[in-house]
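Per-chain numbering from 1; labels A, B, C and D assigned in written order.
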Amino acid sequence: MNAIQKPRGRMFFANPGPTNIPDSVMRAVSHASIDFNDADFFELYERCVAGLKRVLRTKQHLFFYTASGHGAWEASMANLFNTGDTLLVIETGHFSESWAKMGKALGLCIDTLPADWRKGADFCALRAKLAGDTEHRIKAVCAVHNETAAGTMLDIGAVRAAMDAAGHPALLLADTISSLASLPFEMDAWGVDVVVGGSQKGLMLPTGFSFTGVSEKALEAHKGSRIPKHYFDWSEMLTRRHRSFIGTVPTTLFYGLAESLRLLEEEGLEQVWARHTRLARAVRAAVKHWSGNGPNSNVGGPELYCQDDARASDSVTAILMPDGHDADAVRATCRNRFNVSLGAGLNKLAGRVFRIGHLGDLNEPMVLGTLASVEMALKLNNVPHRPGGVAAAMEELTA
Amino acid sequence: MNAIQKPRGRMFFANPGPTNIPDSVMRAVSHASIDFNDADFFELYERCVAGLKRVLRTKQHLFFYTASGHGAWEASMANLFNTGDTLLVIETGHFSESWAKMGKALGLCIDTLPADWRKGADFCALRAKLAGDTEHRIKAVCAVHNETAAGTMLDIGAVRAAMDAAGHPALLLADTISSLASLPFEMDAWGVDVVVGGSQKGLMLPTGFSFTGVSEKALEAHKGSRIPKHYFDWSEMLTRRHRSFIGTVPTTLFYGLAESLRLLEEEGLEQVWARHTRLARAVRAAVKHWSGNGPNSNVGGPELYCQDDARASDSVTAILMPDGHDADAVRATCRNRFNVSLGAGLNKLAGRVFRIGHLGDLNEPMVLGTLASVEMALKLNNVPHRPGGVAAAMEELTA
Amino acid sequence: MNAIQKPRGRMFFANPGPTNIPDSVMRAVSHASIDFNDADFFELYERCVAGLKRVLRTKQHLFFYTASGHGAWEASMANLFNTGDTLLVIETGHFSESWAKMGKALGLCIDTLPADWRKGADFCALRAKLAGDTEHRIKAVCAVHNETAAGTMLDIGAVRAAMDAAGHPALLLADTISSLASLPFEMDAWGVDVVVGGSQKGLMLPTGFSFTGVSEKALEAHKGSRIPKHYFDWSEMLTRRHRSFIGTVPTTLFYGLAESLRLLEEEGLEQVWARHTRLARAVRAAVKHWSGNGPNSNVGGPELYCQDDARASDSVTAILMPDGHDADAVRATCRNRFNVSLGAGLNKLAGRVFRIGHLGDLNEPMVLGTLASVEMALKLNNVPHRPGGVAAAMEELTA
Amino acid sequence: MNAIQKPRGRMFFANPGPTNIPDSVMRAVSHASIDFNDADFFELYERCVAGLKRVLRTKQHLFFYTASGHGAWEASMANLFNTGDTLLVIETGHFSESWAKMGKALGLCIDTLPADWRKGADFCALRAKLAGDTEHRIKAVCAVHNETAAGTMLDIGAVRAAMDAAGHPALLLADTISSLASLPFEMDAWGVDVVVGGSQKGLMLPTGFSFTGVSEKALEAHKGSRIPKHYFDWSEMLTRRHRSFIGTVPTTLFYGLAESLRLLEEEGLEQVWARHTRLARAVRAAVKHWSGNGPNSNVGGPELYCQDDARASDSVTAILMPDGHDADAVRATCRNRFNVSLGAGLNKLAGRVFRIGHLGDLNEPMVLGTLASVEMALKLNNVPHRPGGVAAAMEELTA
């Protein structure tokens, strides 16, 4: 068999973002140009705003940016703080680190609550930290709801509870880029002040806009912010007709957003979340099987990077390779021979981890076809593993 | 879990036709209207004709019809014969029966070479039949290259050999609707006089045109044909600029055809065939495993409808259910719960057989995702089977 | 200025068929393959059947063909008659001739009611003809509602009145290929027995299916028909689930049909007709102005081919060039320099006539941009004409 | 006639941005998600970078942003300066004002070279200003190449000449958002240090990315910049694989960019510019005709906002209404009755000016259909004007 041949058939895109774009969304996005001040567009836009607020579970404010998620991150910081303000970043992995790095670049002081990436945040330490901050030096707590790099989930409701327990007045900022419209999230019920999200994950759209849900409290705090900004400036946006966006609005994406919101609400948000949980469990069942680790065995196969099942992400799974085996070789086999695109390990996890994204427009055969390809790639790369991971996933899906 | 929920994710279309349309072909088909006499279109059209002849492996003639494959069938008969002419139809299953029925409707006498659909044609009987026809009453032999309903393949080269051995001058008509651009086929080398094909199978296009490759010998025979016709009349077509088509040309499909031909030639026809063989073997490995029949066991699971491995189709597999179990229940579970569309059993096989199409734009994870869904559906419907079919397919694909 | 440069911008497609495909229809057509027996598709299909009957203004029968309009023509004849039956074809131009030719090829006797193509049918002669047929030798009257080649309209209601006046029992067959969903048409009210239509004109779809509306009376007549047929056989179709189509259904076009029906009904059929009338009048105003013929002048410019305003088609205008000037040179300038595609003169009108299609998804600036290009092409080709045709059209549109 | 009916036919999008997206670009953009680190994408990306540099006419640097043009503006300022630095903004209209406002928001001191918007920049004053800045307090000159709001063009080469004449070392920043790939522009030859551009104008793409061409000199200056930034930070970008973009890359737009670059180079950049000039002249000929102002007449019709023909923009024309007449009423008639979308007057020009965009994928009939609709709308709104503007445009196009 010739592995060099051009892959055929549909690419299985098992990256944690961007995600698969449903055909009907793709068709909707293929819309001719329109004046973003045209009455027809404005009506569409307002419907999208209302729908997205329902996804965020908020009745507060929403600002859009023609930007990737990193732009919304910058907006969340530039609009709220002043040079020298202190933020507490709950470490979860690569993306919490990146957000922290961005904060420093913007002139903020970052206090990091350290964590073992495989285990997730230490809530005892968080409570202690907040309780100890009697002067309320911490202006905001930054929490990545779903750490895409590590495949872990952070309980935002529990973060809020810790803040409340400490009576701490800091703002709560949550990055939901790889969780929104995939994992349960409740902006208002959880008292989240700023929610950062993007178009290209659970909303199943091309990359192109990002947004922040913003609480009244945050909007109040914004008034005192002095970090230089314009493109992301909420005050500037509030003077515009769309009360969002500086400059041209990416109109075509809103035709797609209307359709993705329709799909989400047709299925029902709770059903969407349940589907993500179901598929994620199947993926983890496969990986646990491959690892071959149990009371009486130790195959030493690939294993879940996340060591705490209760914190495993339901939208992306990071898989740690056995020592001496290259994650990127497995990815290359999947990509070149089976037309399956897996996520790479990021930064310090490069080569040691590969990731399976399982969020957005996904179903059982898509996940099982991916898992089967991974299992074949493990075999073809002579990676030790216990065969039968796909069967374990199927068992999970039909239990 | 709620099986009633709206299926999400991409539909796995495992029907034997139409087939999956690659994105690039779909995009090409989405072309604005153009005058089919426009010079730009004519240039495209001529390129397509040349390319399709390479797929047919012929240097002879080609006629297109705005019609489904049945239209090309009608063209193949209406253009060659006179009322009362006798045709020998080699029985293979539902589609050989349908072609025969059409012949009768057009006023032809149909002589059928009977066969057990699960075993395929009896070549001894064929040779005897031809040898016995010393008066050359048989004007044509009609052979379905790939019987989509039974999942069997008929060796057209062997039919030609039988005709040559008998020195029989009949025309050889071959239906390649579900085999062309998927299974090896050689119009000129095999001495096929009329090849019937359509857009929506191995050519990976929407349904919309069909065509016949036509030999010099057949074009000569055409001159004496008196069956009333116009829409499919080759003589009429030869007066038109495109030397094909009566009436408006479905221009948009030719933009798609150019792209599908590009894809086929980029991969290489031999590689395309090899891919179909590889994936078909995986499917059969799974079914054989499910059947659980071996020297020491008899699970009584679903089994291959085709009882002769050498004649099993590499583009579609028909699977016979155990007695008392409903194929359509399995199909319904796949469709409603897993968004996998399987082919139904046709006519007398309805409810007893389901079919997996594995032709066109297909790869390993698409096939394995489908097989996994079928295996789960067998379990959910309490159909006896030996679990592990997917693993057997994976084994076959990595052997 | 360099006329050889590659044309840019959107092509203005002013051909009388196929027609411009609206973006939303194009997007709808770009649908993935689906089993045409899938319940989801069947529901869509039934909606389309009901909607198309509303467009035909009938409550009777409808048969679809995977075929161009010529296929539906063949169906209309092959399903109703026997060899040697006589049909009266009302001459209108190229397409009435073609239909007659097809009838002959199918073994029918064609009696033509001759006409001056520039003036249209002679109703006195028609009445005389029908009255004289006391033996009812004429089995059907074939009438082309809108003669695309001549740009003339035939009053089908008046044909029915003539038949009724003569008490003639013949069937009435009407070709509405270039009029349906553009010009007023009433199948049931006008007592039309067979209506022939296609996808690629007023329905604004790609070429790919055609259809016939069929009255109870015609379906009764069908039972006695003995012309050999299968692909177009209504009896065969009535045994199928869709009660239409032999073979694979072109599913993707039905997604488009649902959208085009939605567009038509959103605008309102009467409004659609009114729009066609409005735009057609603008086109004719321009041509009349170019011709420059009036009481006191004779510029000798291009003129309307149709000499009777009351019979001018509201979906296509044929324009006759002054002697010694080549219509195709004007067309070439429009196509190559302005990216405007005009219809050619057909057969005996080749080179003498060019045609502007103005049916389907069309509005004022599309028509005016086309007329402006034609007027510039007349100038560039030194064709005598009175400048100001576009202004005359604008005047008509704002009167 | 009923003006309330739903507009039909293709919308004529005569807005100055976004612009019409060619079908082939739209199809290319409709690409499935892909990992932006995938080798296939990286190859595409590099081709796009090379092609876009050819459009910018530079061999220096290029940074992309997932942002609208305003984001690239912010990048151009945030990457080069420090709080309190002085920039000289050459006033041209709304967009020069907006850029200046953004600079202030980022903490810069803005020195404006005032101008009459209808006449454009005063080069004498510019030369004087630069000569007077002997201390080189001015760190950069900001010039909007094409003022979209006023419909005027600023000669960037002349700005460079003025700077050189004064021996002034300031950086030269040019906004080419509505001119790039439409009007002649030469980054390297004109010594432009930062060029700001976006996807949605001459590049004929949906809104979604913007970019800056950056000279070596500017990259050197960047090293000393201390304005807080991250999302737009060039230094940060240089650490990334794509040497551009912070965060997810909008991959689908690059499939479109490759196609739009192919279209531009197939036509030839010089031919693209010539086409824009040709079409712009036609638009201006129509407006001048409508104005009816000449030696012997004064109709008092709408007139060109730009009073200096030599400075009229070839990509957008702003039209000033006669006193007492509402530009937006004309726009509403065009939009609602003729499906033509015109640009509004911005800010202080609101209601007094409407704008016709004529850039990107445009040809003669598109422009003439638009002009005809405008002329009809003038009539329908009883705006004084000399009829015959379309004819004047046609005359210009065939002179």
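In the analysis below, a residue touches a chain if its C-beta (ideal position, glycine included) is under 8 Å from a C-beta of that chain, and two chains touch if they have at least 3 such contacts.
Please read these numbers as outputs of a predicted model, since none were measured by experiment.
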item: Of all other chains, the one whose Cα centre sits farthest from chain D; value: B
item: Selected pair, greater C-beta contact count between B-C and A-B; value: B-C
item: Computed distance of Cα centres, chain D from chain B, in Å; value: 55
item: Computed distance of Cα centres, chain C from chain B, in Å; value: 36
item: For chain A paired with chain B, centre-to-centre distance based on mean C-alpha positions, whole Å; value: 44
item: Overlap residues in chain A, where contacts from two or more other chains coincide; value: 10, 20, 23, 27, 30, 32
item: Interfacial residue positions of chain B with respect to chain C in the complex; value: 10-11, 13, 15, 17-21, 26-27, 29-30, 32-35, 37-38, 65-71, 73-74, 78, 83, 101-102, 105-107, 198, 200, 206-208, 227-233, 236, 245-253, 335, 341, 343-344
item: Chain D contact footprint on chain C (complex, rising order); value: 1-2, 5-10, 12, 20, 22-23, 263, 266-268, 271-272, 275, 278, 337-340, 361-370, 372-373, 375-376, 379-380, 387-388, 390-391, 394, 397-398
item: Touching residues (chain side chain B, partner chain D) in the complex; value: 23, 27-28, 30-32
